[in-house]
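Labels for the chains are A, B, C, D, E and F, by order of writing; each one numbers its residues from 1.
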Amino acid sequence: MPYVNIRVTREGVSREQKAELIQGVTNLLVDVLGKNPSTTVVVIDEVETDNWGIAGESVTVRRQRRQ
Amino acid sequence: MPYVNIRVTREGVSREQKAELIQGVTNLLVDVLGKNPSTTVVVIDEVETDNWGIAGESVTVRRQRRQ
Amino acid sequence: MPYVNIRVTREGVSREQKAELIQGVTNLLVDVLGKNPSTTVVVIDEVETDNWGIAGESVTVRRQRRQ
Amino acid sequence: MPYVNIRVTREGVSREQKAELIQGVTNLLVDVLGKNPSTTVVVIDEVETDNWGIAGESVTVRRQRRQ
Amino acid sequence: MPYVNIRVTREGVSREQKAELIQGVTNLLVDVLGKNPSTTVVVIDEVETDNWGIAGESVTVRRQRRQ
Amino acid sequence: MPYVNIRVTREGVSREQKAELIQGVTNLLVDVLGKNPSTTVVVIDEVETDNWGIAGESVTVRRQRRQ
């Protein structure tokens, strides 16, 4: 019955990678907590880099400075 | 003062259906808990089917198999 | 498959009221969107009044002023 | 190490305003709680006005009535 | 920079199990998406069984019926 | 109408500090986005250090190693 919300920046996550995240997190909850996979929900949110801040600045600015 | 977040897959929810969800949840909180509707917030998130997993696989894959 | 998160202040919500919220929200999603109730998840969070702010002040302060 | 999620309606928030929100919230957590800014995360979600309800109706309807 | 929120019912999750979840999810994000573990945040919420609903009823009621 | 959720570890945040966070975030949304403070909601979640992970380990373990 767990609910897992994965939030990452929107930077080209593929359908295959999303499938790997969903399967990996579900397996982890089955293995560690013995949860029932059939009611385990995983939701991935992709967030624009302008909307994600760390250390007081957006990821957009952070990425630009590193180039 | 409640805050309610409804998360569903993005599969053609109409403006009318969203209005019904907002009104229905607000009425429920007024009826059951006596909450003030004027400060009751309802936010609906629509999530791509690739990004929603259940039972270890995405809703996209699940929908395809059932066709 | 929906996930609904209801957040309210912790002010004596009874087990019966929680059951009514869970049933009411689930029925709403079945009625309005045709969702499958068996995978509809509702999670209620009760938040201390010191930790809930509206209009720039906590609910604790707001409640005291109204007495 | 804090995580802050700011949810607002999608009504033309500029990149500059987002940067101000990220910096302002991060500074607040440093000033009030002495948190380390380098691990302080701020995520801004912009929500369509059809999907945001208050007082039992959507912000779309509310905005139209006020014109 | 990802943020992951794991929500489960409060039913005796041990400190060791929490550590396994934190490590497992962090490794998954490093392996699948190449994320930097040092800014990967995992937050586990444990929710009372009265407050978690599935299929229109609380987990408390569901557990009792199965005994 | 904004909703802001501040999540921090439960490590002795005082009522006064919570009030400062609520007021500070509300003022920021008024100043930067011109939001109406009377419908601005701020919710603070305090999370046990065992339940908060960063860099693949819990804050509990992290704090112990630094002593």
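As a convention for this text, a contact is a pair of C-beta atoms (placed from the backbone, for glycine too) under 8 Å apart; a residue touches a chain by one contact, two chains touch by 3 or more.
Since we're looking at a predicted model, the values are computed, not measured.
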Check your understanding: What's the overlap between the neighbours of chain B and those of chain C?
Key -> A, F
Study note, to complete from the structure: So, in whole Å, the Cα centroid of chain C is separated from that of chain F by 20
Check your understanding: Between chain B and chain F, what is the separation of their C-alpha centroids in Å?
Key -> 25
**Study point:** chain D and chain F, separation of their C-alpha mean positions in angstrom
**Key:** 14
Practice item. Please set out, as single numbers or ranges, the residues of chain E touching at least two other chains. Key: 1, 3, 7, 21, 25, 39, 41, 43, 52, 54
Practice item. Check the chains against each other and report every pair that touches. Key: A-B, A-C, A-D, A-E, B-C, B-D, B-F, C-E, C-F, D-E, D-F, E-F
Point to revise | chain A to chain B touching residues, read off their complex | key: 15, 18-19, 21-23, 25-27, 37-46
**Study point:** In the complex with chain F, residue positions of chain C that touch it
**Key:** 7, 47, 50-58, 60-61
Point to revise | chain B residues touching chain C - in the complex, by the definition given at the top | key: 1-9, 13, 17, 20-21, 24-25, 28-29, 32-33, 35, 39, 52, 54, 59
Review point. Which part of chain F faces chain B closely enough to touch in the complex?
Key: 1, 3, 39, 41, 43
